[in-house]
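Working notes for the structure below.
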């Protein structure tokens, strides 16, 4: 389709109320997993983030790792052992996780943002004691749970015009490194920052009543409805932690949390700057929208 | 044409480099005459200004009057006498000009900006001695020439997030009111502010080699080429003052000045945020683009 | 009387405690009606305001219109119809009111202040949504009642050393213009600003027990006493709205409100910087001074 | 003479242009000697200083000592020996000078200013190394000449709304105390502060052509004329150092320096806030006003 | 003992946690009496204060007088009369006390601090109305009790990098001077400043169970224990006021108060920057450490 | 040796002039190679940095890698090929260098600083485009030379109280990663920051005339003398780049550059806070100290 410049101008104009709504607000974007693999998509996402930042929204990017961690572990000959579905993480594994996250993926994302004209600085859990953790379970080794979140370095960067890019690696004061669930970290950081919204970019279309039928997308869920959705099996498997972090963020004061499809080009702009809700939005309150 | 949200997002993305270019820069927009009559267009222009302001551009709106002044003079029974094509302005006429500009058009523009979510404050020449004038020619009465431009109130408003809306009425320290050419005032204000660009919204397509053939639009002119264009009769009649103010602004240090067609919807957004130049741009330098 | 410089110095010295009392405090001065007609007096009042501003008092000038509005309506051939003593205001009348207030009187007052060495900027209801109004009564047309007062633009100007001069024209978000009682606006603005005092300059000597005998001036009234004064007929006719706005201001937190005689030269300086109370002062509290 | 409040207001109004002229400017007032003895006068002078400070002038008070020093030296049994008219100052004498100046007179002046509603803090040469001195002549002991003036503590106090009151005692980095000419110190401090004017309050009417005839007062002198006035004997004796410090201040960039009669009540207000020049003003330039 | 630079570095390193603890906190040091007589010690104390200031601790020095006052009174022939152990202070005595404190000792301490590279400014009770007092008992003359403490000038100096040096002379608004107990003033100032600690430098080792046996030093006392210690005679004589001011400071919110031995070289550094508590510390709370 | 607290205090006092000298100045510390291997030493160095930071010195830590990079390359099976003594760096190698430096060593240093009570944030070349590089020589692959140094993120962190810890990895705007000489980066950063000094911590005692005889240490070298020292063979081999970066820093305006022995405990404190120069200092100027 050929779009002329008059249409372009019209479209920019239609974004006006959305820009007004988010002006000077903080949006925490959780980005990771399969949504991160496709290079072209990744480039587009970074472009979207630069655009949001430029029009006055304070964007914080929280990223995870995924396949690149597995690749590197394989390359250095570390076999992964699992305990109740959780990867047992010895000190060496934790260190490799950190290297891949903070030393490769983080710097690459920072670089992509800079290449598109944005200003970014990467942070990891040790920086300014951003993410202080302790062992979740001795048997799992350095799988961490959050002890303390210090968002001061994020605020320093935001106030100086930088987009903070956060690797979700925990630290403690004995120089240990912890593998931590990125969704949980994003939820805690969003809450500590008093963010307007948390956007979790995944590789699914949102919360579906029938996971094989995209037309059954549930557009809005109140946090009080989620237990029933779990009991009904609509939220299940790998969705559980993602949705828990959305509801956790909302419970801790974030106004809205979204699960959107990172595979859709510019899905974050569509969600933020148009009237089209894509994916599922989690909001506070008890209104049982589900019953309708 | 139906444009979907994916296209919308794509278009927003394509505006990114233009937003980066103008971020935190000052644009002075001269708006007046016939471009101001159509209510729908006026609304659209105010929307464009709010959008530019919201994405971080510092916009100053300078407006003239036109037909509404003539109407009011007629209503109060003032006949206009002309001397060499310039309206002879007695004290009473000057006062009515001021009432219409500062008391009606200015407040209406401020209101339209506020209605679309912007923040605006109107200013006239007396406010903070913004435009101090004296008589151009005793025979013409209170037709003013600029003695002094004090942009401090404009800067105070810009720094506090307001869009200043300026009525081009001059004052002196004896409580006289002067009718001043709005294009000239816009050029002087742009220069004093160190503006990035001056955009003059008119009711023509730009500078045409053959005024009846839109395809002969001259897209770029250097200020050194304008005398030849006058001699060739390409710049003539009512165009002369408009173009003189563009070249005057550029000579005083404004980076670029534009004449664009205010009748084209969103022409200011098209000029500012797309790769399509519409109208004619005036730039410094002696390069004779015309000879090519 | 010849006053020598030693006496002058002595008098300046005696103003010291009064200057200390008002230093950095806000005084809202309501100025209008007949007190505004005499040019010499108007000049003197503006001089007084510049002096107060210069010695560190934050002055806000709120003005009304009066005869000049009636003149202009007559000139354009608008007849005024009255409903229960209130002028029925159609859209066109409201617009002419705005033109005269914001486009003529306001700019003239700003100019007089600047001519005496002060710094001033004019504001009207639309500027920064200073005065948002709605219809008081459908039958009266655009006679407005206050919906919202936004003093941010006043504070921006005060903090940058300007004297804000306010025209009491209301606006709404549909580009309508409202004729509003200037006394009420002054009271609301004084309250929103947390002003130290509201001074209403009128053409009477103050509140008189016997309106024909200036020696029966009541110097101080507590807000709780006013109902009785109305019942006793001491406050009556055109005095009622003026006194209501004084008591309203005091009820909303302004420390003191004054009705002073604008016809007395420098009455505002006498009230502010000497030990002579002129006019009537309204203060909070229930103490029945009247009984004494 | 009875002055009514209308006259009072008129007089305040007439001070307006003078207040505008000095607003936010620095005036250094040198106060000492006989002008300081009369308690009532001293009180009046402190009141004048509070008034000037309150209306926005930055006042610095530099004081000397005089009879109180002699009294104290006598009480502790120190005889003064003179060498070429200069008091030989041993370490003990210097210390007593400091005690009287910084520990008695300074605190008393600070207290008087505070009592009249001003804010003051006293400083001596050691505070923030304000006045660093060395021996002028080994034979004279601790008679100091200025090595270094550090006005930072004065600026800190002025910027926080205090009137600095300066004792003219010099210090060095070996804990020595120096007796320094107060006029010279005032001139240096005024120059370092970039003061608008230096006012030296003395007990004479100003510079007189015939010292016994007040009608021969010379109102204005340019610094280039002073040598001739010395040669003519018009400036002689105790006047020489006072006038040298005025001309020195002007030469170092202070705009104007005055010698005024501290015995005239409110002489400093008369000089600053009225059109009456009292005393003699020293200005830069070579114009030989004397020849007229 | 010869200490090499490696040891030096090691020792600096060991001070790290103590520096962290006091960083940007306020410490009020009361210095006076016999601890002030020895010149070498005084020099060392001033050096310690400069060091504390330089490493980021906000130090306020409050000093008394002692023998120098007695000397001066003797020199000018004032006999002291005592009433219940308190010196009867006539106006002249009070003035001499002020001269010695504010005009000699204060300036000498300021000078010593400056000589060691620190920045200091001296203050007395009159400066900024720091210490407003009234008569404690008409019979005692100008022996003052505290009416009001205004720490604004202290904060202005601290915030501009100066060490305030305070003479404990009281003032009132009638230009009277009061002799006030320096310990009490220090306690009040520490409380008003929200100080981290008050350190009283004396010439005893601390609070001893047996005043002749240094090994019976009581290292920590809670404020609730002091009455018992008084009843037991452990706190007695001249110790009572010193300890009362420590407990008073703690009761008013100062975190800790210390009595340390000013005769021990660098005792203040030892107390502040090492793990060795010297002297006695007073803390809030009721825990009866004494019973253990 | 047992050092008592009195000695401790004495030593702290003796550091006073050195603290004064460096207060608020920037010191860039280059740390790497063998000096980094010993864990105890590393801990001590981080403690020294926290101490310097705490006493008001602005410390920037620039680190290299060394053996850990070689280990990781070995683990993932990358063989290194050398060209003229420089390691040929393919894209994969460059990425592993980045992972080890920015993802492991950097975070570990940040963590050690935080554990000792400091505040630190890690940066790499991509962060805020700190180090923009291009290929030095096509044959060497991603061995970079510096194109641009942007110290803004370092300044943002310093101004907010953080110690910036910099990994010397270069970036370009095509998401490439460059291996860059850490000494050169440290020199450029020190120059851009206007640092007071650059301290290069190595594993040699300094510049020795006879490399086997520590007693032949050259304490001070002017930058003009280094060519002769190279010709004489005194500077040779691996020393050449280290010394070049010291002289380069000095040539670009850094006041002093040091090569000190990182193996000596607290060598950086000894150099900074004592009178003992250890290692070799490079200073500007042509004075041929060598000839003496």
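The letters A, B, C, D, E and F name the chains in turn, as written, and every chain counts its residues from 1.
Heads up, the rule we're going with is that a residue touches a chain if its C-beta (ideal position, glycine included) is under 8 Å from a C-beta of that chain, and two chains touch if they have at least 3 such contacts.
Since the structure is predicted, the reported quantities are computational estimates derived from the model, not experimental observations.
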(request) Show which chains lie in contact with chain D and also with chain F. (result) E
(request) Name whichever of A-F, A-B or D-E reuses the C-D interface, so over half of the contact pairs are the same residue numbers. (result) A-B
(request) Give, as an integer number of Å, the spacing between the C-alpha centres of chain F and chain E. (result) 45
(request) Round to the nearest whole Å and give the separation of the Cα centres of chain B and chain C. (result) 36
(request) Would you kindly tell me how far, in whole Å, the mean C-alpha position of chain C lies from that of chain A? (result) 56
(message) Measuring centre to centre with CA averages, how many angstrom lie between chain A and chain D?
(response) 69
(request) Any chance you could list the residues of chain B touching two or more other chains? (result) none
(request) Considering only which chains touch which, label the overall pattern as line, ring, star, complete or other. (result) ring
(request) Write out the stretch or stretches of chain F touching chain E in their complex. (result) 1, 3, 5-17, 19-20, 23, 44, 47-48, 50-51, 54-56, 116-117, 264-267, 269-270, 273-274, 276, 278
(request) In the complex, go through chain F and note every residue touching chain A. (result) 72, 75-77, 95, 98-104, 106-108, 110-112, 114-115, 119-124, 126-129, 153, 156-157, 160, 162, 169, 171, 173-175, 177
